[in-house]
Amino acid sequence: MSAEERTTDEVPEWKQREVDELVDLLEAHDSVGVVNVTGIPSKQLQDMRRGLHGQAALRMSRNTLLVRALEEVDDGLEDLTQYIEGEVGLVATNDNPFGLFQQLEASKTPAPINAGEVAPNDIVVPEGDTGIDPGPFVGELQTIGANARIQEGSIQVLEDSVVTEEGEVVSDDVANVLSELGIEPKEVGLDLRGVYSEGVLFTPDELEIDVEEYRADIKSAAASARNLSVNAAYPTEQTAPALISKAQGEAKSLGLQAAVESPDLADDLVSKADAQVRALAAQIDDEEALPEELQD
Amino acid sequence: MEYVYAALILNESGEELNEENITGVLEAAGVDVEESRVKALVAALEDVDIEEAVEQAAAAPAAAPAASG
Amino acid sequence: MEYVYAALILNESGEELNEENITGVLEAAGVDVEESRVKALVAALEDVDIEEAVEQAAAAPAAAPAASG
Amino acid sequence: MEYVYAALILNESGEELNEENITGVLEAAGVDVEESRVKALVAALEDVDIEEAVEQAAAAPAAAPAASG
Amino acid sequence: MEYVYAALILNESGEELNEENITGVLEAAGVDVEESRVKALVAALEDVDIEEAVEQAAAAPAAAPAASG
Amino acid sequence: MEYVYAALILNESGEELNEENITGVLEAAGVDVEESRVKALVAALEDVDIEEAVEQAAAAPAAAPAASG
Amino acid sequence: MEYVYAALILNESGEELNEENITGVLEAAGVDVEESRVKALVAALEDVDIEEAVEQAAAAPAAAPAASG
């Protein structure tokens, strides 16, 4: 560490120490991310820190110090300073950034939403029995746009009802109803704003991997290669049987179409003739003209 | 089914599909021909598109023999 | 297919499936018979159990409409 | 099926589909060639559009459970 | 496909499936043979049970020629 | 798809499926490689059984939509 | 299949599908390249519309495990 040389007088020693610690942390890990921690209660934050233990380290500090540390490490990490705004923290891991993203997503927990907050997604009051006795609450539900009715002695919601759309501000009425029903529409957790990993800066949308899609791509790629190999008649170990089969099918198709008198085709030619004669007989609606075996 | 086969042969040879020709083919094959059936067949086929009927049969492959010999 | 049809008529009439008979049926239908095809057909059918082949065809699901070309 | 394969090779090479060529291909493969089958093949293929027949094979993807005996 | 056809003829005639024989068949058909393709084919077929592949193809329904000949 | 093809080549050659190797294959093919895509591919394939996916593709006759000519 | 994958990468990157490029891609993947297979591939693809060939489903013959007796 170069702490001894860096005795800049304007920086209090404790700050420099904290920056040095941050720098150590950053330098010791392959991937560093900036996470938004706005609105996460400290208890939950501690749980999350514990949950990440061993896989990723979460560090909070003053934003100015975070920026200073990122700049001090340089090496590309300074690109992350654009995300240092509001209540944020740094996560550092040796896992790849995709794994980090998955971990953080998995650690998110539902939380109630307050009046005045912006809905992060469509807020839905689900269809079903609310379990609440008949009373004014049915009116409250109706007021916020839920299709509710008293039925069989309790208040029931007849269909999934969107009460606040994504991006809209949650009203007092909605917040009250949600709280009464125990609906927690928010997902609270560490929100990755960006990750820097081994020279590449990733945004969250780049980090969300759909493994199924990759699996499908592999299949599709394999099928394409197979098709090309067979259709271009470029034999490989895997496609040689398919090529033989194709050649055989072509010969058979030609042989049948031309009615080539070959022992290999005799069975099929007889079958074909029989199918044809039956097809023609099926068009004949005069009983008397039909062969005995086809008459009723 | 021999009567219908006779019609199919005539259809391919391009000869007219009439009683005389059908009877001729069948007799050449040693069939003891019933005149009324020939008549009925000729009448019945008058309104049938033989090509089409045959093509449809060909389109349905002689499906998968269960036990090839 | 006319050669095959001719063979099948003979099969139904019970006449022997030989070159002479096939040729006779085809000629009666006005077909310009190729001796080689008749020979080849007789040879090809030698080991075929026609009844069985026909049954298999009958067992096959009837007919998908032809997307004729 | 070797006769038909021979025809298919000639079709791809662009050589004429005649008896001599088919016989040549088969003999090169060590086949004991029967003249009548060659003749029959040439006659059978005379009016057939080989390209089309081959393409139709491709259209019907082979797939059936085999219970070969 | 001519290379594959050639291999199948050899398979039927019982001759060895080697480069020389495949080349011979193709040349007899007037094909301008590419040595590398012959090599690639022989290599690909080395571990393939041709009989089995052929049987599987045969078990599949005959591919439906739609258009009449 | 070129990234996936690169992974499949490595899978067959037995080389490790890592960023360096994928990048190397793609660059050899003149692809302007995006590092983030390579990283994502490597991460995603950690959870994919490539052999299995390839076998499934072979068993099901190609998912690829047929644009027949 | 690695040779085919290599061709597909080149097809996507827009680089020329020649022996040098295919060899380069394969070598980058640690494949012990066989010249004849590369040559054969280039020759096979010469007259092929790759886009079309890729899309056209090849029949899966292996689909039916034959319970051959």
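Each chain carries a letter (A, B, C, D, E, F and G) given by its place in the written order, and its residues are counted from 1.
Here is the rule we use: a contact is a pair of C-beta atoms (placed from the backbone, for glycine too) under 8 Å apart; a residue touches a chain by one contact, two chains touch by 3 or more.
These numbers come from a predicted model, not from an experiment.
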item	value
Interface copy of B-C among C-D, D-E or E-G, judged by whether over half of the contact pairs recur	D-E
A-B or B-C - the one linked by more C-beta pairs in contact	B-C
Euclidean distance of C-alpha centroids - chain A vs chain F, Å	20
Where chain A and chain G are represented by their mean Cα positions, the distance between them in whole Å	33
For chain A paired with chain C, centre-to-centre distance based on mean C-alpha positions, whole Å	62
Whole-Å gap separating chain C and chain G, where each centre is the average of the chain's CA atoms	44
Multi-chain contact residues (two or more partners), chain C	1, 5, 8, 37, 40-41, 43, 56-57, 60, 62-64, 66-69
Residues of chain A whose C-beta touches two or more other chains	221-227, 233-234, 236, 238-239, 241, 244-253, 256-259, 261-262, 265, 267-268, 271-279, 282
In the complex, chain D residues that touch chain A	1, 3-5, 7-8, 37, 40-41, 44-45, 48, 50, 53-54, 56-58, 60, 62
Chain A - residues contacting chain C, complex	259, 261-263, 265-279, 282
Parts of chain E lying in touch with chain D, wherever the complex brings them together	1-2, 5-6, 8-10, 12-15, 21, 24-31, 55-61, 63-67, 69
Sites on chain E touched by chain G in the complex	34-37, 39-41, 43, 52-53, 55-57, 59-60
Residue ranges of chain A in contact with chain E within the complex	233-237, 239-241, 243-253, 256-259, 268, 271-272
